[in-house]
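Scrolling down, you'll hit the structures one after another.
First chain A sits with chain B, and in the next complex the same chain sits with chain C.
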Partner chain A sequence: MALVVDALQATVGASEPWPDDVLLYQQYKVEQITLPDCAQCLAVEAFLRMCGLRFNVKCKTNAEEMSPSGKVPFIQAGQYLVSEFDPVVFFVGTKGFSLSRQMSDSERSEMRAYMSMLENILGNAELYMAWLNPEIANEVTKPRYGCSYPWPLNWLLAWRKQRAVKARLTANDWASKSVEEVSEEVHTCCLALSEKLDKKKYFFGDNPTELDALVYGHLYTLLTTKLPGGPFTSVIREFHNLGDFCKRVDSAYFSD
Partner chain B sequence: MAAEKMKLDVWKGDWGLPSVDPHCLAVLAYCKYSGVPVEVNKTGNPWSSPTGNFPVLRHRGETYCKITDIFNYLRKEHWGSDFELSTKQSADVVAFSALLEEKLLPALLHLWWMDDKTFIDVTRPWYSRAIPFPLSLFLPGRTQKKAELRVNLTKGGENISEMETETKVYKEAKECLNLLSYKLGEKQYMFGRLPSSLDALVFGYLAPLLKAPLPNNQLHNHLLQCENLCRMVNDVLVTFFPADLREMEEKQKKEEQQRARTSSSENSEFPNRRRNMVLAGFFALSAMAVYAWTSGLIQIQISDLDPAPSPAPSTTRKAQAVKGEEN
Partner chain C sequence: MQTNQPCKTGLDFLFCIEIQQFIITKLLSDQAVAAPPSGIINDSQPTGIKTTSTPSAKKDDNVVKLDIDKLPVRVQRIVVDGLTRTKDDIVIKEIKPLLNAKTFDELVHLSYNAKVKMERLGLFKNVVIAIDVSKDNKEYGYEVLFEVQEFRRVDGGIHTSISNNDGSLDFQLKMPNILGRGERFSLDYTVGTKRTHGYSAYFKKPLNNNPDIFLGSTAYQFHGEYPWSGYKQTDRGVAFDLTFPTILGSHNIQWEGVWRDLRALARDTSFSVREQAGHSLKSSLKHTFTIDTRDDPILPTVGVLWRTSQEYAGLGGNVEFAKQDGMFQWNTSLPLDAIFQMSLAGGLMRTLDPNTSVSISDRFFLGGPLTLRGFNLKGCGPHSYDNALGGESYWLAAAHLYSPLPFRPGKGRFGELFKTHLFLNAGNLGNLDFNNLSTSFQDFAASLRWSFGCGVVLCMGRIARLELNYVVPMRVQKGDKANPGLQFGIGIQFL
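Take a look at the complex of A and B:
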């Protein structure tokens, strides 16, 4: 459905201005949301804030079921529902807002490559940690995921979700990795990000881009979520410039 | 160090490529770039492979099956030109490798294993010819199922139809080709004059797409428009794998010669045409004669004493009588 919406917006959406009543739907942050979803929601929120667009966050316990693609977060803008990071970026682009307009072609291709890396490595690592690590899955993720449902459902839905995540990670060869291997992947990813960021304010100079929003979403979530074991936090803390980067974005866009 | 040679098993090649599998091609290219002393075994029999797939690298009793493991191992053994790259460029290698895996690989899996036309016309015949008998019955099916799971589970979702997944996957792959094309620009390789592991991966993914006989595919057509990518793939083939190119040329020449010979003279197809015609005519005649004799149409009387009632008139009379009855 997201794709149909993509095609429609290219023609229809462009003529309409950014509506006043845009809502960003997600689950409750304190008691419900799981680690991978939290990273995605924060990334979209950071992106919209970086664009300087008006929107309100609306928390719903059934946000996942409301989303057209079955994944949080999604935004409601006028008559459109757009879910996940890439389609939201595209949708906002059709309204005339973009963070990467000034960039050259080769810079933009680098940006897309780093964004895929985040999705591929950090996204899968978050899923792996949250759902496949038995300790974290049983103590944190599953109780949180099922917290809004009564007894048999909370257990059943969480189990079904865990099975879906396991199937997905088996299909792309992540399920067979050990915790050490996953940590190694995360380390490689952070090393690359750290090299790319270097001493700059943002990844491509003085202005934020889509990549900055995505990096902030993932790293801030990983750094601030307390999990039993918490193996990635120490890996990310090795890279001081990434930690400073998160603080910088936090104070610039999330200070209210 | 070189006491024991590394052994590399890969899928065998076709269409002028040293191998048909993207990951095998990438490993082969990486070994060629860095001059690894490796013994390549091109095969179609995955019986000895622990995963039922290639590439497999064996060295000092250790076995590596996944491409990332193989690259890491080769790097650890100090093979490869990635050491010449700056730390920033190494970061780019990681990012772009992830881009390839995330955006291009699903489309290629879809193209080879899930697109009905390509699967039936190209993929399945090729693998069932390459793999020996009992394995060929179930290995292609298993690979297909794996590819389907991977594409549907990572790119699709509960609320997304198969058509939409397909559109999304191809859209992303085309975008990825554009991004690679921008990154390559006019340079010889991604990072200038020296090939890196990223170039090996790109070559591996793009070469089969460019060279395989695909029936009018959108991804193939899109790749043809990215001229610098095509140029790079062809350069790598000419520089590092000239033997396979020559092999294909020879094969083509042989096929052409054969075709020329057959079309120049029709006799070549049936060498003893006239003799066969005479023999067939003779056979038909004799068969008819035997039938006529056994059914009593022709009666042969042999009499030495009285030659007066000759057998010929009697035959005609009899035949006329039969005809009359029929009428």
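Take a look at the complex of A and C:
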């Protein structure tokens, strides 16, 4: 039902041009946001920047609760609220902006496959590391998640969130994995991406696509976040072309 | 004195006086017996105070006349029969004054007072008193037997309750006198018509053996939806309160700690409401003062209600405000069974944290079929895309003239539950700017709303009020949701 409403809203909104006052809502980057959320926010931001669209980032401590889907980030365009990466891509597409318009159908489905692999492996690995690794969860993720609330809400909400993440990862069999197994998964994913990227500027040639935005969001977050242990950083650093890719996107779109 | 002893032996029930019987016989004896010097009892007839036989004394002119009121007594034994979980000390405390009774009349009064108090304390469902002469034939020696019936350990019930334009079904499990000193514990589950539901546990303990002074504590979870403002909220909280009477009125002091999770109700909820979504923790201290001299809470004919409350939020938590609210209602009976009612209410709040404004769940709202008639429920004041945003101050005034139904159908019976009324309502809701009070007061006066109308009021068993009115809104401000014409309302709170 929600999907139908989303689609309908986006279609209705399509007749209007891209408004001037688009806001991207997310949590505070320095003090509050957790690693998986940060990756999602950065991916959406990178996508909007690659499309060359006007928008401003607005940080709110309650961005997660404000979001219609309960997840960050979300954009407010006029009276429309669109949350998460795929719906935002779809919504922006209805306004006539797309990064994958020039691609052939087979390329587009290949891109979709990579994106879904990325979400499945890196998305779950980030959740696993942030919330299930006891050291990182207790020292970094939980204090950050609860930082804007008074005692005892700060630990209560963080505990509740941890329980929800645990339930989600138990359902898709990630919770039972060991750190080594998760690192292995991340390695496989990065290997696939590295081979696809090869020596190209972007994954599908000289122009960025949705996949580039998503890869940048996840890898940049994983590479730059300092966490105790930080097991995945070393795994990703093995692939030099991916690191260079992140630097390239950063200087091309985030240089301001 | 003995308690907790199931002892019926030695008491001659022939001569026992049950309290109800006693009152009747006392009346009879007052008529039949003159007032000779008290205490004339023939020793040869130790059972001479056969009060139950007083009517027969009418026939016999030679009977010993005695004034039962001033009959000297010396209470020798008090037996309380039927105690299981009620603690001895609380019962002893209540019945000890009986030992000091000097006259029979005093003894009866003290016994009756003890019965009423123990029942009000919630110790017993029923208390029957029997007074008898002492079996060891001491002069003026008496024994008192309290036959008490305790409550069942666990009791339950299902009932419906009504809040403003919302009905709910309540399931209750209660444990009266749970610890043996009048404590009461109850568990409630409530489910309402507007997808509201909640659980609560409540514990109440009378202090100092006084049923009017008590400590209460509650823990609850409640989910409510507020469609007029486009949000839903889950409250989880604990509260402790102390209630005590004074010569002026009743006071209640409460501390409440509540975690509130506010979410937008739908996709089309206004962004001004959505912005306030999230978790908040309110820790507040509230004092409520009530004087209620009315004869009925729903359709009073005479009396005054005065209720004021002060709330301070900010003892920990992230909600900081000070709030003052009050209402006054005055009723007077007029000729021809008419009643005039005048009500005033007002409230003011102020955030104590300059960086935030008061949350929508703490604000005042105005309008509805039982308050500012002629407007939709919470339909007055600032709105954003159909969602009421509430205000930080309000006032409301109402005048009613009630009269019985025309031609008085069902007079003395169901017809007394109905009244017709003419009314006039006025009020306003808004935000006062404390830096520029005179201008904001002028704005407040200029943007007044008022309406008048007439209708029928139905009193539903002293718990709720049902109104069907024809209303004419006379002044409506931009953004208000007026509801001219017929309007139906049901609820407990009204003005």
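Assume the second predicted complex is superposed on the first by the 249 of 256 C-alpha atoms of A that agree within 3 Å, B and C clash if a C-alpha of one lies under 4 Å from a C-alpha of the other, contacts with A are read in each partner's own complex, and residues count from 1 in each chain.
Rule of thumb we're sticking to: a contact is a pair of C-beta atoms (placed from the backbone, for glycine too) under 8 Å apart; a residue touches a chain by one contact, two chains touch by 3 or more.
These numbers were taken from a predicted model, which means no experiment stands behind them.
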Chain B versus chain C as contact partner of A:150, first or second or both or neither: second
Partner chain(s) touched by A:68 [first = chain B, second = chain C, both, neither]: both
Partner chain(s) touched by A:112 [first = chain B, second = chain C, both, neither]: first
Touching partner for A:30 - first (chain B), second (chain C), both, neither: neither
A:81 touches, of chain B and chain C: first, second, both or neither? second
Touching partner for A:168 - first (chain B), second (chain C), both, neither: first
Touch count on chain A, higher of chain B and chain C: B
Residues of chain A at both interfaces, chain B in one complex, chain C in the other: 68
Chain C contact footprint on chain A (complex, rising order): 5, 9, 60-62, 65-66, 68, 76, 79, 81, 149-151, 153, 156-157
Chain A contact footprint on chain C (complex, rising order): 259, 261-264, 267, 271, 274-275, 277-279, 281, 316-318
Chain B to chain A touching residues, read off their complex: 66, 87-88, 90-92, 94-96, 98-99, 101-103, 146, 149-150, 153-154, 157-160, 164, 167-168, 171, 175, 178-180, 182-183, 185
Sites on chain A touched by chain B in the complex: 1-4, 68-71, 105-106, 108-110, 112-114, 116-117, 119-121, 167-168, 170-173, 188-189, 191-193, 195-196, 198
